[in-house]
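Chain lettering (A, B and C) follows the sequence in which the chains are written, and residue indices restart at 1 in each chain.
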Amino acid sequence: MSFNWFKYSSPASFYGISHSIIKAASGIAIILCIVGLYWGFAKTPDILTDQKEYYRILFIHVPAAWMSMWLYVTLVFWAVTGLIFNTRLSYMMAAATAPTGALFAFLTIWTGAFWGKTSWGVWWDWDPRMTSMLILLFIYIGYIALQNSIADTRRADRASALLALVGVICIPVIYLSINCPDPYQCAALHQQSSLKQIEKNILIAMFIMLFATWAYSFAIITHRLRSIILEREKRTQWAQDIVRDKA
Amino acid sequence: MSKQLTIQGLQCERGERVLFSDLSFTVEPGQLCHLNGANGSGKTTLLRTIAGYTLPYAGTVSWNEKPATLSNSSYTQAYRYVGHQNGLKKSLNARENLEFFQQLYGLNASSDSVTSALETLKINDKSQLSIRDLSQGQQRKIALARLLLGSSDLWILDEPFTSLDLASRNLIENLMQQHLHQEGSIILTTHHPLVNIPSGSIHVIELDRE
Amino acid sequence: MLKRDLLLAVRNYNDVLIGLFFFIVVVALIPISLNESTQILPRLAPGLVWIAALLSSILSLARLFEEDHADGSLDLILSSGSVYQCVLAKVAAHWLVTGLPLTLISPLIGLAYNLHGEQLSTLFMSLLVGTPVLSCIGAIGAALTTGLRSGSSIIALIVLPLNIPVMVYGAAAVRSSINSPDNVMTYLLLLTAMLIIAVVFAPIATAAALKISND
């Protein structure tokens, strides 16, 4: 029995199945978001150690932070796949992932600022983790800027893929340099975030929200991918057929 | 071993426009392949694809039945490419430029072979002047002098006769003729008629699609 | 090959001086704009000098491969067997005309920032080891943006975040020479490690980027 792994790597066949993916993923995202927020507001204690109700921003903050990092990993995965197998769809995947990743990095910083103001009394502190997130945002922006500034699609894809790859090699060093400006004594992070110490319901709500953001990313990236596919394949018969059918 | 250039099912695009597709032909040793086509028909892109600079969207280019890409060093050493741009540094003189090319081609730095290349092209008296101070035609001749450094099997020439006078054109054609005699092959684009080369060894490829 | 690039750079000596004076002007502007007493300057010096070095390196990067791309010699370099050496020579030449002059003048800048003795030599050493890394990493950005109209502004966006570690440890070396001189060597060794890695791997990435940009 043979299964053609590359079948869905053609934009045309992917486009065909993408609509149902978007429907399913956005449905899951909405349900999980409602459940997660309900759980987060109704089932969790009002006070977390010394913080009052406002700690609940973590139900957005933490999933957003995780997703922004995870999306960079997937972006690099698609970029490298594109460079190795020269599959157009992989490049399009990478291009579609970047804005969502950047959005989550921004959301992390934004919600973090609110949380910081309420619990530390400042909007921003040059704490290592905040700085890392800021730099991740910079790297996303550099990727998007490079992609957009190259007119030739193929060159844009390959150049930004290479940049993403270089970025992923540099990230550990950047992370280290920010966390340990003094190698003898690594800076204390945010606070030790040990998942075990966190109250069970908070954890449940947080993970539900994590899956909600994941499903959201899946839906929105697939949606963006559809637009990119149509734009790039506009010369082909099947793309023209789709546009004509819609009109 | 046959030093044959094979193009198979090649498709190239520029800015979302298909220049040509499903293009196949071969260039045998001793053969000159003349690419014909209007402006914008993809002649330069085809030459750059053959030289490995531009990746094809479909199809393959092969040399001795091996893929002709930039990572195939036995291929990149076998050809000499003279493109639209001369590839010369304006602030260096002819000799310095050619000595740099010798290094690039992996040849031993030898001022004798540079001198003989310049003499063949009748430009040796200008070898100490900065490229900046030479005329367009003289610059073109120095770029073409690359063809005479070391030995090569395939010449890839993009409008080699641009800004050359009649005498220089004849000179270059004679060099091409010699190269073909020594079982070398040439692929070129030009708007000038090739007068000195026997039509039996010329193979014309039309790039214009109807 | 290095000789050729140096020759080219020397015949365009203007560029060397522009980079150097840019560095000096930036470093001089900061105390003027702060209008602070000289007491605070030693504490600011490490970060400021390093930021100025970073900016001055990026200023000249945009043109690293631009001329080769425009005159067609990039084609010849890419199809030669010595792409790696050519890229390395380019990077070395870039450092020799931007990073090195700036390093050589840094003790004077240090004096103007009220540093002395050991601190001056640390500043010098950190720039000596760190600025080549800036050139190596910068070359990747330069190669990716070669031939683009908006190249020079994009380069900064791409290269600055990647250079953060060099800047952090370079500045930390100088800072610790003021506070805890025992740690200086650690930072210099960290910078050296980065230099070795950058010299080995950055030209590979740069060559790959040039192939993409020359398509």
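One rule holds in what follows: a residue touches a chain if its C-beta (ideal position, glycine included) is under 8 Å from a C-beta of that chain, and two chains touch if they have at least 3 such contacts.
These numbers come from a predicted model, not from an experiment.
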{"item": "Central subunit by CA centre of mass proxy", "value": "C"}
{"item": "Chain of greatest Cα-centre distance to chain A", "value": "B"}
{"item": "Chain A-chain B separation of Cα centroids, rounded to whole Å", "value": "48"}
{"item": "Rounded Å distance between chain B and chain C, as computed from the means of their C-alpha atoms", "value": "38"}
{"item": "Chain A-chain C separation of Cα centroids, rounded to whole Å", "value": "32"}
{"item": "Chain A: positions in contact with at least two other chains", "value": "152, 154"}
{"item": "Sites on chain B at which at least two other chains make contact", "value": "55"}
{"item": "Residues of chain C whose C-beta touches two or more other chains", "value": "215"}
{"item": "In the complex with chain C, residue positions of chain A that touch it", "value": "135, 138-139, 141-142, 145-146, 149-150, 152, 154-155, 158-159, 162-163, 165-167, 169-170, 173-174, 176-178, 181-184"}
{"item": "For the chain C and chain A complex, residues of the former touching the latter", "value": "137, 140, 144-145, 148-150, 154, 157-158, 160-162, 164-165, 168-169, 172, 176, 183, 186-187, 190, 194, 201, 205, 208-209, 212-213, 215"}
{"item": "In the complex with chain C, residue positions of chain B that touch it", "value": "48, 51-55, 70, 73, 76-77, 79, 81, 83-92, 96, 100-101, 103-106, 146"}
{"item": "Partner chain B, residues of chain A touching it in the complex", "value": "151-154, 235"}
{"item": "Residue numbers on chain C that touch chain B, as the complex places them", "value": "1, 4, 7-8, 11-12, 70-73, 75-82, 86, 211, 214-215"}
